[in-house]
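Next up: the structures, one after another.
Shared chain: chain A. Partners: chain B in the first complex, chain C in the second.
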Partner chain A sequence: MILRRLLLGALVLLAVTVIIFAAIEALGGDYATASLGQAATPETVAALRERLGLDQPAWVRYGQWIGGALAGDFGASLSGGRPVADLLAGRLLNTLFLALYAAVMAIPLSIGLGLLAALWRNGLFDRLANMGTLTAIAFPEFFVAYILIYLVTGTGLFPTMAAIPPGAGLLDRLHATFLPALTLTLVVAAHMMRMTRAAIINLLSSPYIEMARLKGVPPARVIWRHALPNALAPIINVVALNLAYLITGVVVVEVVFVYPGLGQLMVDSVSRRDVPVVQAAALIFAATYVLLNLLADVLSTLSNPRLLHRR
Partner chain B sequence: MTKMQRRDAAGLSRRGLLKGSAALGAATLVTPWGAPLRAQPVQGGTLRIGIAHGNTTDTLDPAIAEQVFTQMAIQAYNVYLTEVMPDGSLAGEAAESWEATPDAATWTFRLRDGLRFHDGTPLTAAAVVASLNYHRGDASTSAAKALFAPVTDIRADGDTAVVIALSSGNADFPVLMSDYHLPIKPARADGTMDPLGTVGAGPFVLDGFEPGVRATFSRNPDYFKPGLPHFDGLELLSIVDAAARQNALISGQVDVIDQVDLPTVRMMERAPGVVILSLNGGQHYGFPMDTRAAPFSDNHVRLALKLSIDRQELVDKILNGYGSVGNDQPINPSMPYFDASLEQRVYDPEQARWHLQQAGLDGLSVDIFLADAAFDGTIDAGLLWAEKAAAAGITLNVVREPDDGYWSDVWMKKPFTATYWGGRPTEDWMFTQVYQTGADWNETFWSNARFDELLLQARVELDQARRAEMYAEMQRLVRDEGGIVIPMFANYTMAHSDRVMTPEVVGANWILDGFRAPERWWFAS
Partner chain C sequence: MTAALALLNAVFWIAVTLVGAALAAWAFRALLATLAPGDRRLWRTMPLPAAFGMLVVLLYALAGLLAPWLAPFPERAVVGDAYLPWGGDFLLGTDNLGRDVFSRLIFGARNSVGIALLTTILAFGVGATLGLAAAAVGGWLDTALSRLVDVLMAIPALILALLLLTLLGASIPNMILVIALIDSTRVFRLARAVAADIAAQDYIEAARLRGESLPWLVRREILPNALSPLLAEFGLRFCFVFLSISALSFLGLGIQPPAADWGSMVKDSATLITFGDPTPLLPAGAIALLTVAVNFVVDWQLHRASGLKE
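Up next, the complex of A and B:
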């Protein structure tokens, strides 16, 4: 079952490479014109194309790339010829670090808030939590980021530039990336919190919860012991979606905080038409979605004995 | 924003008044780098510069260094044959002196004694030949290739002299050798230069380079200019987002930023501890028309459009005052052969209407294809122009184009677009690259026999007065018959913390003191 999903996932990735390649072709221009910009002359463009093999037809270039990629060689960046794997490794680590940091803050926070909001639903706490998280999600993330920067500048508590010097320790990294991580936390918290709250409240009207209440179980225990296990499936799904977002969709936050992550690399590479890098980054993003969705499905199946022991 | 910008001599420094008697003492130094200073520079500290460019795909290849981050990085660890000084004069850098044959077609550069690369190997004529040859030849992809088109031969004459032969004379050739594309790097055994090599002979040694993020340098203790550089270290940081960049300066995470966002410049002016540095470097914004295509093929139409734009309004609103009005020709007042007698063209809808009538038109409706890739505020400038042009019976339809691919798909492809050019150190350079018939970057496809003839004559003319006359006529030709509307010159507007000290005269040939701020500036004690 899982194996079949993995195979399907691989097929999806293959399709993604074709779509990305076609999309870059459709954008027009290539590395030669994009990198030379206004300084391009027909002669230099032609020479650069010839050197990089960009003068060959699209399907030949795709064939060469996919052949290499299947053998594990993702090729070299068109600019400077650095291997794509080297180029991506550091950026990927940065992105994963920030995503993990934000997730560690956001997931307990939003699920906790969601549970409490369900417990005291329609009360003052519920309203305040809803208002706070919905406000945070309603603003574009760069605006949240600017507000945080505005509040922090002057206090000197946290740096507003998150570029980590090479060889920094874990504490330094956590300190330097606190503001972007907080921004992301604010941006994703509402979604998970609302989903937790809705899933729990939905269950609270079921007969078995009524039964638990009638036999005198305290409200907090009803939610924790009886409602939450049955609400896990939708919560896991929304957490997985948000995790994927934290890895793939944070380019704006990266730009505002000058954080060298994968998103910025991808945007830069698209604007330069550096196809091998775009392909590799797109593959990582696509794989993130495929794997996290698979993981979410596996976990929600595990959380539900009825699905686990289906006959 | 990629591309070429270039210079003019620095204007008179507004800080000139501060010059005290201490400066007179310093003026007795004999090297060109011993220019009068306000105070004795202090040694030490690491200069951190936040730069508005930088891309993950950047390399240190000088042939494609088309944005400020790589230009700064390459300049920091390399030397060039010649150097444009802050006052606009030309000095030798790796070259100690040069001379030409009377027809200005063969140039001999003599190298300084004892120059060494960071790895200790001597900088010889072979290195110069390898470095310059990299930009020539059919296989070259260098953006500086056009500069070398007239070069027929580059050879070493012993270890300390380089002879360069041109197919036709060029009195300005040594100036071209200061171009940022042309660092002198070590030659390999096969006589070529490693374009990505990190060894140079410049003021700083490259320690690390993360494309699109940062480059770090430490002081080169063996740099040949006495006492330079003043900083012990240099860190270039790419901060593309304008708010992040300005915030980094205000909160002290960087010491200098290369570009102030003009819409928010008033806030920077009020920020404590921040000094704004704004210089006219000849950078100009313009709207080229394809002079081969109707209706722009009629000079009356071109003149009507030139008269229908309110230049002062654009300087005030698009540049927030950090610039000056243009006169439809690219030579700015601080260049040597600028013709001050050329009358400034002003907004005159009546006159514009008259020109339309001469062209046999009651009114005019044209599309203009714009994107902010050309310069910040391009589209706003187009809309302001359209408002004003309406009074002259001209309907200007602003068509928004995507930034992405603007230079390859819109500029020089559509008949009426926007452009920007940096100043060039010489009139000849600017005119040859953009205004000569058939030039690669002749964005208006303008062809004027008289102009082309003057260009060739002026290039080899050694009589200053006659040269000035020729360049004056050429400026008039471009202004009155050319295909480009140049409404404004945009200053290079930078900012630095008040801990950073700058020399009395700051070079305006490029941004950041001609890319040489790391070498020329210092920290207050």
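Up next, the complex of A and C:
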């Protein structure tokens, strides 16, 4: 079962790389002609094509690209000619740090609140939480971010530009990136909380919980012994899906806070049409997304013997 | 001390806003219940958030349609100095080039919402048609389309949009096409799932045996039964499309100046916020308010359609 899911995941990952490569291939046209511009005589174009390896058939170049990517070599940036891998390295770490920071804040918060909302469903807390989360989901990330900046800007509690000085310690980093992390937390926590609530309510309405209640098991024990072990699969799913969601949310938030991460680099490169950089960033984001989804499936399968031995 | 006071002040204004919104929604619901055609009870039992959502959507539509008459200044005219404060001739001040912010907010209702609506309709047309076709025809068509959609959905939406926009170049038609393509995959998923459920029913089998043609089956048997989830999906999809377009515009890759658009207005005036000027919050808030409103209406519709009281 798990093996099959892993194979499927690998297949999807392969398909994604092919799409990212093919998209560039089909529409990106010839970088040689484009980058030479005025100086594009047939001879110079041919020379540059040969230098960039564009005269090879597509599948050979795909092989080279993916082989290079696996070895950490994404070619050279079109503007400036620096190796893409150099541009990415530090920024990838920054982005991962920010995502992790947000996840650490968001997961306990939203699962706790989601559980409470499910237990007290249709009560005042649940209604308020429902309206609040619905509102938060509908907010664009930059709105949340600017509200936070607006609230904080007079007080000077946290920096509104999340630039990290070189050699900053962990505490300094946590302090500098608090606002972007909080923004991501708020955006993601609303999703996570709603999904947790839905999963738990779904579970609580199943017959065996009813049975446990009817035979007089105290409520706390119903939750602890009967509901929670089975809620593990949906909760793992919720967490992983939202971590995957963080991957995209991070792009806008990085731009708002001028945070030197992968997302900001990607946006800059899109406006410069720097194809190799965009390609590499898209590959990293997409691969992370696919792997997190895969992880969610595998973990929730492992946590449920019935899924593990299906048919 | 001042921080506590500021917090108290903020809480007060939030409370005032909530009460005001509730009152407006209540009045609007009462108005609907007396004036609107059809089932009175439907309107009277409408929850307040849904009434509020409808009111907001209506106001946005009016602002968009009547923009040239409502706005005191033209959309693109430079009418004063840059970054003038609120008040005086310019209700909400001027932007980085000296254009009137209030007028641009109103014109933004036309541009931002209009483009989002167009994109949603495009995404919906493609996605729903293919989804229904895939469910009705089945076989290789279904498999091929579903696998393609699976792969496209395996890439995060914003990342795929950025990738495609790099290739095509950032412009309004390209953005509409890219977002429509990406969101049509989500519509396809839903339309196919809903229609596949319906296509397995006995009355479809009966219609098939009667010798009805495929277009007839889709139009007369499947579509009417799939309509209510699809309509709710249309509302939600609009929100997602609207948010993605705003995000792209905010990143400078969507609707381009000088056209007034809320996403790019936020970007242009963003520096003001660090000086404690809330102007950038207005267009961002306009985006948020509309998505919240649509969500409230859709939530109510879904609740009603599912017949769930829980």
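We take it that the second predicted complex is superposed on the first by the 230 of 311 C-alpha atoms of A that agree within 3 Å, B and C clash if a C-alpha of one lies under 4 Å from a C-alpha of the other, contacts with A are read in each partner's own complex, and residues count from 1 in each chain.
As a working rule, a contact is a pair of C-beta atoms (placed from the backbone, for glycine too) under 8 Å apart; a residue touches a chain by one contact, two chains touch by 3 or more.
Source: prediction; values computed, not measured.
By the touch criterion defined above, A:139 lies against chain C but remains apart from chain B after alignment on the C-alpha atoms of chain A.
Touch criterion not met for A:113: it reaches neither chain B nor chain C. When the two complexes are overlaid on their common chain A, residue A:103 makes contact with neither chain B nor chain C.
Looking at the shared chain after the overlay, A:271 reaches both chain B and chain C.
Contact with neither chain B nor chain C is seen for A:148 once the two complexes are overlaid on the shared chain. Of the two partner chains placed around the shared chain by superposition, neither chain B nor chain C is touched by A:240.
In the superposition on chain A, A:44 makes contact with chain B only, not with chain C. Of the two partner chains placed by superposition, only chain C is touched by A:290; chain B is not.
In the superposed pair of complexes, A:23 makes contact with chain C only, with no contact to chain B. When the two complexes are superposed on chain A, the residues of chain A that touch both chain B and chain C are 27-28, 146, 149, 153-154, 160, 255-256, 269, 271, 274.
Residues 3, 6, 10, 49, 150-152, 154-160, 162-170, 239, 243, 246-247, 250-253, 263, 266, 270, 273-276, 278, 280-281, 284-285, 287-288, 291-292, 294-296, 299, 310 of chain C touch chain A in their complex.
Across the complex, chain A meets chain C through its residues 12, 15-16, 19-20, 23-24, 27-28, 122, 131, 134-135, 137-143, 146-147, 149-151, 153-155, 160, 244, 247-248, 251-252, 255-256, 266-267, 269-271, 273-275, 278-279, 281-282, 285-286, 289-290, 293.
For chain A in complex with chain B, the residues that touch the partner chain are 27-29, 32-44, 47-48, 51, 77-80, 87, 90-91, 146, 149, 153-154, 156, 159-161, 163, 166, 255-258, 260, 264-265, 268-269, 271-272, 274, 277. Every residue of chain B that touches chain A in the complex is listed here, in rising order: 2-4, 55-59, 61, 64, 66, 138-143, 145-146, 196, 208, 210-214, 237-241, 243-244, 247-248, 250-251, 253, 404-405, 407-409, 411, 419, 440-441.
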